[in-house]
Structure formats: C-alpha cells, structure tokens
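The structures considered in this document are given below.
Paired with subunit B in one complex and with subunit C in the other, subunit A is shared by the two complexes that follow.
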Partner chain A sequence: MSIDVKGLVHVYHPGTPLETKALDGVSFKAEKGSWVAVVGHTGSGKSTLAQHLNGLLLPTEGSVSVDGIEVRQGEGSLRKVRQKVGLVFQYPEQQLFEETVFKEVSFGPRNWGIPADTLKDRVEEALGLVGIGSDLYEANPFRLSGGQKRRVAIASVLSSGPDYLVLDEPTAGLDSPGRRQLLDLLSNLKALGRGIIHITHDMELALGLADMILVLDEGRSSLWGRPDIILGELIERDVRGLVIPDMVRFAGRLRDLGFEVPLTWEPPVLAEAIYRSQGR
Partner chain B sequence: MRFLNNMTLGQYVPVESLVHHLDPRCKIVGVLFCLVGVFMVKGPLGFLMWGLLFLLLVSASRVPARLVLSTVRPVWILVAFTAVIHLFFTRGEPLFSWGIVEITREGAVMAARMGLRLVLLVMYAGLLTLTTSPTELADGLESLFSPFRRFGFPAHELAMMMTIALRFIPTLLNETERIMKAQIARGAELERGGPLRRLRAFIPVLVPLFVIVFQRADDLATAMEARNYTGGEGRSRMHPLKWSVRDTTALLFSVIFSFAAVFLDGRALLP
Partner chain C sequence: MTENCLVRFSGVSYTYPEAAAPAIADIDLKIASGEWIAVLGCNGSGKSTLAKHLNALLIPTQGDCFVNEFNTRGEDGKRSARRAVSMVFQNPENQIIAAVVEEDVAFGPENLGLSPEEIRARVSWALDVSGLGKMARKPVYALSGGQKQRLAVAGAIAQKPPCLVMDEATTMLDPRGRQDLMEVLSTLHSGGMTLVSITHRLEEILRCDRCIVLSGGRISWNGTPRELFLLGEELAMWGLEVPGMVKVWRELVQKGLLEAKIPPLMGEMVEALCR
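Take a look at the complex of A and B:
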C-alpha cells in the first residue's frame, strides 16, 4: 500500500508566454505508515507536487498512483483518490466556513456520503486526535485562536478517514508549543498506520522526523533516501536554498578537525560521541 | 482539471513591441476613436478596413494571436445571441421560411453586422489591455481626467481605486482557486447538480473568500497609512508618462483612419 510517483512532469499554462515547467521528472514512493518529507526551497515545485497526490492537478507526463489506483481524469478515480489522500493546504484555517466547529469537521464526511450514525463518531474521533475538547464543538470557528483554528482545519481533513495525509508547510506561522503539538499529532497518526507526506523547507525538521526524504530542486528530485544517507550527500554538494542544520555543520567541522564523531543532527548523540572520543 | 487559470480577459502580455511602448493616453484615446468608428460603419468595406487594421495592429503588437482571440471567449454567447435575435426577428424580404420561422435578407445582414461589430469592439478593447499594463492604464486615465479635477472630479482617487482593484484581481483569483481546491480536497463537488445546488455548493468557497478580502483590504489600508499615503496632492511618479512624436503620429493616424473608414463605407453603400 503506497503512493507511487513515477517520472512526474507538470507544465503550467502550456502554449502561452507564461509556460513554466514546475516539475521535471519526479519519482518517489510514500508507504502507508511511514513519514516522507519533501524538502525544497520556495518555487522548487513542492506545492505543485502535493496537489498531484490527490488529483487536484493531473500529470502532464508520468504517473501518480494511490494503492494501485492511477490518478487520472474520470470522476470515479479522482473521488476515490481524494478520499484516500487528505490534503492539508498551507494556512488551512483560511478554508473554514461553517458556523460551528462540529459542522466544519463534518463537512468532509458528509461530502463523501458517510452515513449519519457513524458521522458523529468520525467527527469526535478527528477532533479528539487534534486535541479539541467537546466544550468547543458548538463554538464559532472564526472566534478560535490561530492554533486552534489550524487544528480544527486539520481535523476537518482527518474526519474523512484518509489513509494518507499530505501537509503543505503545516507548522508555518505557529508558535513553538503549537508546532510541537502538531508534530506530535503527525507522529501519532503515523503510529496509527497513516502515511504522512510532510512538505517543508526546514531540513532540520525533516531529518529529525522523516523515514524518507525527497529533496526537490527546480522541479527535479535531486536527492531521495533515508535521512542519514541524505545528510552525507547534503554535506558533499550544496543544494540551492537548503540550509544545513547547525548541529550537522558543527559535527562536520569536528570531523574535519580529526574528531571521530558521526554526522548527526541530534545534540545528545553528538555529545556522547565527543565524550567517547576523548577516551573517557 | 480546468480551474480559473485560463482567464485571459484583459491579461497583460509583457512583450516588447511598438504598440506596447506607445503612451497609454495615446492608446486609450486612439482606441476610443476606433470603437466609435467600428460602431458607425455598416457595410462590407467598413468592416474590411477595420479588420485589416486590426490584423496590422496585432502583428505590430507581437501578442500571440491565440490570446487575442481568447478575449472574445467570455462574450461569445452574447455575440451569438444578438446575431440569432437579429437573424430571426427582422422584418423584410424573405429568404427562407419554414412554418412560422422566417429568415429575411435584412435579418441576415443585420445579424452579420451586429456580430462583426461586437467581435471587433471586444477585440479592439482587448488589444488595449493586452498591450498596456494595469498601472499604465490607470496612470493614463488619471492624466486624461485630471483637467476635470477643478470641478471636484476625484481623478487621482478613482485611478488609485482602479489600480488597486486591477492589482488584486489576479491575487483574488489565486485565493479563490486555492480555496476551491481545499474544499474539493474535502470532497466538495462544485460542478454537479442544478443551479441551486451549485450555488449552495459555492458557499464553502464564498465565505472564506469574503473573510480573506476584508482581511486584505484592512492590511492594505494599514500598509498605505504606514507609508504616509495622503492622496494625490504633490505626489510624484516612478514612471512619468512621456508623450512623444510617435504618439502624436499614432493618434492622428487612428483619428484619420476612423473618419476615412466611416466616410468610405458610407459612400460605398450609396446607391
């Protein structure tokens, strides 16, 4: 069970002076129950890629398939894929429109035709996952705080019961407790067997959380692999607009100076390695 | 999937050309003369002249022909409707008739005339916006209307409003597209069912859009105040408009051409 992307090319406005190739031969695979981070600078094609995963954009060339269902025109295929793959846009709180939190979160399931008797459970489960208590069910979503709005918006995608969750910069604009809370939620969802596709420009975040990392540069997949492998490559060659985490640079410099420490992004691991390299 | 990204009505095409470099005031006044001229011709010679001039202008402007044609797309139904109405409901000498339906000679002529006239009008106006950026257009209008300021006409304010409105059309289209996509991702079906169902289906798009529009308006007002914006008095320009010999020539040409087209067309129609 996985999302398979093969040789994906996307051209915006073909045949006009505004023609641009946003994606140029991207391939990767996102398994269910794993966390894939898609990392790249602004304009590298991250958001375009995200919209292909649930058929909001269709490939110009190449293919995207979800659990074996190819994403292509034909309402049947697209609706099936969209129910399997939940997409959380950047600043998802801007999509809120209902009068109450409960109604907002039940919008998705009602659209998918989830029967009324299971609807309530679905909504309560989704709101429970994001940590919104029953005291807020009847609240007006526009009156919530920024972090709460975002969690309601994410619940409104979760309530449709997607197997995969694609999130475009989900932590943008959140304070650090809000950020922590959200990342914990995603780890939880992964543990529950959902596939997480996390789109971000933050390499440090990706290294610490993802099982696999895809680095995009100018619409091409420039790196694809496990975080430790990506890290080695990243030190070797400069990928435009990607900031190498401070801890990694620190470890790299120590290695240059002759210390036997691993390249790592985790402070405790590095601390232990330094301690051991001192022969104590 | 087609969302809103094929809206080309009035979309500026930034290429270098003679037409692009004309002063916006010259283009606005010139197009006005052309529009009046198109309105006043009746016969084949007149339409032929306007058609040929249009082809000449398009090739001089270096805007792709496909984009020029696409300016007609939004009014296509209106053109067809007008032509059909004239075709069937003009009295005169009958050409064909089936039962109560009757097509007259006069009807066919009127249908062709109205159809051509509308298409030419839209294309001439479209060429103006394809070759003139919204800012230039607003600057040109402001300058043209500034003599009326002494009668209390708010030329600068109107031009500023127009610039802002035009500036935000693409932004708001993008926002609309993004919200539509977000709701489609949550299973909304925006393009199915009858008109009433479609209208209801748009509520999830309209409500967030309104929130965003007010938010943006508020932010813009704050940003303008923070930059000490106080209106038009004593305000200088980054790109002052410059009228050159080229503009005088082009304007004179369009005026003379309009008169010539109307005059020659009228004479050709005399018995």
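Take a look at the complex of A and C:
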C-alpha cells in the first residue's frame, strides 16, 4: 500500500503567456506506515506536489496513484483518493469555522455520509488521537490556544479516516512544547500505520524524523533517499534555499580537517566522536 | 548607568480587562541604550505583553514604565515612548501600507514632517540597511515573504528610532529569510541601535548581549546567551528548544574540550578545537 508518483509534470496556465512548469518529472513513493519528508526552497513546487496527492490538481504528464487507484477524472477515482489522503494546509487553524470543537471535527465525516451513530465514534477517536479531551468538545475553537487550534484542525482531517496524511509545514509558528506535541502525534499516527507526508523547510526535523527524504529543486526531484544516505550529497550539492543544520555542517568541516567524526544530526553522537577523535 | 538607560520597568504588572490573572507580574528591568536584549519564553509567557509596554501600547495596571526617564502614563511619556521605540510584528502583511516599496518606507518620515531631502536620505538608508536597495521602485506584491518582513523593518527604522522591538518577527519566514533578517539586525546593532528580540527560538539569540526568560508572566532568569545555553533541564521547563549546535557545544564544554567563553558558533568552535 503506497502513494506512487511517477514522472509527474505540472504546468500552470498551459498555452498562455503565464505558462509555468511547477513540477518537472517528479517520482517517489510514500508507503503506509512510513514518514516521507518533502523539502525544498520556497517556490520549489512543494505545495503543488501536495495538491496532486489527493487530486486537487491533476497531472499534466506522468501519474499519481494511491493504493493502486490512479488519480484522474472519472470512475469515482477522485472521491476514493480523497477519502484515503487527508491534506492539512499551512496554518490549518485559519480554516476553522464551526461553533464548537465537536461540530468542527464532525463536518468532514458528515459530508462523507457517515451515519450518525458511527459519526460520534469517529469524532471522538480523532480528537483522542490529537490529545483533545472531552472537556473541550463544546468549547469554541476560536478560544483555544494556537497549538490546540492546530490539533483540532488536524483532527477534522483525521475524522474522515484517511490512510495518508499530507501536512504542509505543520509546526510553523508553534512554540517548542506545541511543536513537540504535534511531532509526537505524527509519530504516533505513523506507528498506527498511517503514511505521513511532511512538507517542510526544516532540515533538522526532516533528518531526525523521516524515513525517506525527497528534495525538490525548481520542480525537479533533486535527491531521494534515506536521510543518512543522502546527507553527504546534500551538503556537497548545496541545494538552493535549503539550510543544512549548523551541526551537520560543523561535522562536515571537522571531517575536512581530518577529525574522524560521522556526518550526524544527533548531538551526543557528534560530541562523543569529537571527544574520541581528540583523544588520539 | 541611569544616563544611558533607555527603558526602565519598575514593579510592572499588567492584567488584561476581565482576565483573572496578570499577564505579566512584578517586572523590574533596565534596558541600556545600544544593548541587544532577547526576551524568551513559550506562548502565553507574557513576552508580547511586555513588549507592548515599551512603546506605550499598553500602560501598566501596576508599577511604572519609563522610556528615556519619562513615565509612559503621562502624555509626554507616551509621545516619548512612541518616538523612541518602533515595533515589527509577526505578519509583515499587517504593517505594509503603500503599494510601492519606497513609498511604504517614506510613510513614517513624512509623518515626522521632515524635509523632502531628509526623507529621501532616510528612505535610501533604511532600504540599504535592510538589503532592499535595488527594490525601491518595486511593487510590494512582487516581494517574497522574507523581503516583506525586511520592508517592515525598513519602514520601522526610517524614523530613526533609538530602539527597535522585533515581536516574533521571524516566525513566518523560511530559514534563509530568517538568516537575512538576523544580518540586518546585526548591522543595526553595530550602528548603535537598541534592539529587543522577542522570540522562542534560541538560535536567534546567539548575537544578543543579554537575555531574559519569562515564565508565567515573571522574569525567571536573566543573563548572557552563553550562560543560558549551559543550563540543562530549565530550558525545557521554560519551553525553549535547544538547537543541535548548542547541544554539541554544551557537551564539549562539559567534557572539557572547549572553554565556555568560546561561543557556540561553527567558526569559533572549529578554530578552538584545532588549536
């Protein structure tokens, strides 16, 4: 079970003076129960790619398929795909609109025609996953803290029961405790077998959490692979707009100077290696 | 000391109308002229409430706040505070008013009633410092998010305030935009401007002279960034995330491989380790 993207090309406004190629031959695979980070500079095509994963945009060339269902017009494909793939936009709390947390989270499944008796279970399950207790079910979502609002917004996507979750900068603007809670939630969803597709600028997060990283550069897949495997090349290539964590660049510089240290994003590992390397 | 003291808080508490508890309580704080100070803390710790006292957007419900030794309660004090302190907020979209870059920057100096030559000189200075010198005639909509935030800074400094407050001003920027903005702040600091950075990102305070940590509306800690980085559990308790580089630095200091006076910056650390 996976989302398969093959040779995806997307052209905005084809045949007009505004014609722009936003994606140019992107291929990757996001499996259920795994975490894929999509990184790249502003304008690299990350958000365009996200909108292909649940059929908000359709390929100009190439293909996207979800658990074997090709994303295209006709035969109910889009409906099936949208039930499988939940999309969480940037600052999703800006889309909250209901009077209570419970109503907000019921909106999606109700629209999918989920019967009233299972609806309640769905909503409670989704709110449980994001750590919002029953004491807040009747609260006005606009009165919650920033971190809570974001989690309610994510619950309102989860309540439709997607197998894959595509999130665009889900930690943007959260403080450290809010960020920690959200990342724990995503790790938990992954452990429960959901596929996580995490779109971000933050290389430190991507390196530390993702099973696979897709690097986009001007609409092309510039690199694709396991974090530890692509890291060396990532530093060498100096992909435009991607900020390699200071610590990793520091490790790289020390290696150039003859220190025997690994390229790592784990502080204790690096500190220990420097210690051993200095001891010699 | 009192001579170059730009801002002084004396037992300041502020309670929002109808709130049960004060947002900030018993704040005693002095900010010296030319100092770069960071105010840290997680959401809800009172950082922004404190910042809004600096230019008299809020007046203490208890205690007093002085800017240039004028109490912000009085009309003179309010005027002095608003002239002395400019603020830049999280979302640049909310602070840009004109359609063209240079016109936006000219708005503040025009309101000060300066001569056209002086206005032109200030606009070009502010745009140069902010790295937007080549974009003076550009329409605002053509700017990236990072450029818009630098435009907001240019607009704020064109009035040549002695003090600039950045209230979570990097939150909506990508990493490159954040680095560019930090460069602008460094330039302003070396030019003698007093800077107050309100943030919860520790990597942004490396170049500050001093930082204070707010927790539950009170000042829990006050010291230099390096002293702060050497703390352990407290940082997590205050809701502050420690950057990877600082964690490595801390371990190396604790293992005796680095002296604590070496800052947690790559160049300095590499040099010290190679010695």
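Methods note: the second predicted complex is superposed on the first by the 276 of 280 C-alpha atoms of A that agree within 3 Å, B and C clash if a C-alpha of one lies under 4 Å from a C-alpha of the other, contacts with A are read in each partner's own complex, and residues count from 1 in each chain.
We adopt the following convention: contacts are C-beta pairs under 8 Å (C-beta built on N, C-alpha and C of every residue); 3 or more make two chains touch, one makes a residue touch a chain.
All values reported here derive from a predicted model rather than from experimental measurement.
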Touched partner set for A:Leu254, first subunit B, second subunit C, both or neither: second
Touching partner for A:Gln83 - first (subunit B), second (subunit C), both, neither: first
First (subunit B), second (subunit C), both or neither touched by A:Ser156: first
First, second, both or neither for A:Ala273, with subunit B first and subunit C second: neither
First (subunit B), second (subunit C), both or neither touched by A:Pro17: first
Which superposed partner A:Asp175 touches (first subunit B, second subunit C, both, neither): second
First (subunit B), second (subunit C), both or neither touched by A:Glu204: second
Partner chain(s) touched by A:Leu263 [first = subunit B, second = subunit C, both, neither]: neither
Partner chain in contact with A:Leu183 - subunit B first, subunit C second, else both or neither: neither
Intersection of the subunit A residues that touch subunit B with those that touch subunit C: none
Subunit A partner contacts - residues on subunit C that touch it in the complex: 42-44, 90, 144-145, 171-172, 174-176, 179, 200, 203, 236, 239-241, 243-245, 247-248, 251-252, 255, 257, 266, 269-270, 273-274
Subunit C partner contacts - residues on subunit A that touch it in the complex: 41-42, 145-147, 172-180, 201-204, 241, 243, 245-247, 249-250, 253-254, 257, 259, 265, 267-268, 270-272, 274-275, 278
Contact set on subunit B toward subunit A in their complex: 1, 5, 13-15, 64, 66-67, 178-179, 181-189, 203-204, 207-208, 211-212
Residues of subunit A defined as touching subunit B within the complex: 12-13, 15-17, 51, 54-58, 73, 79, 82-83, 86-87, 89, 92, 94-97, 107-108, 111-112, 142, 156-157, 160
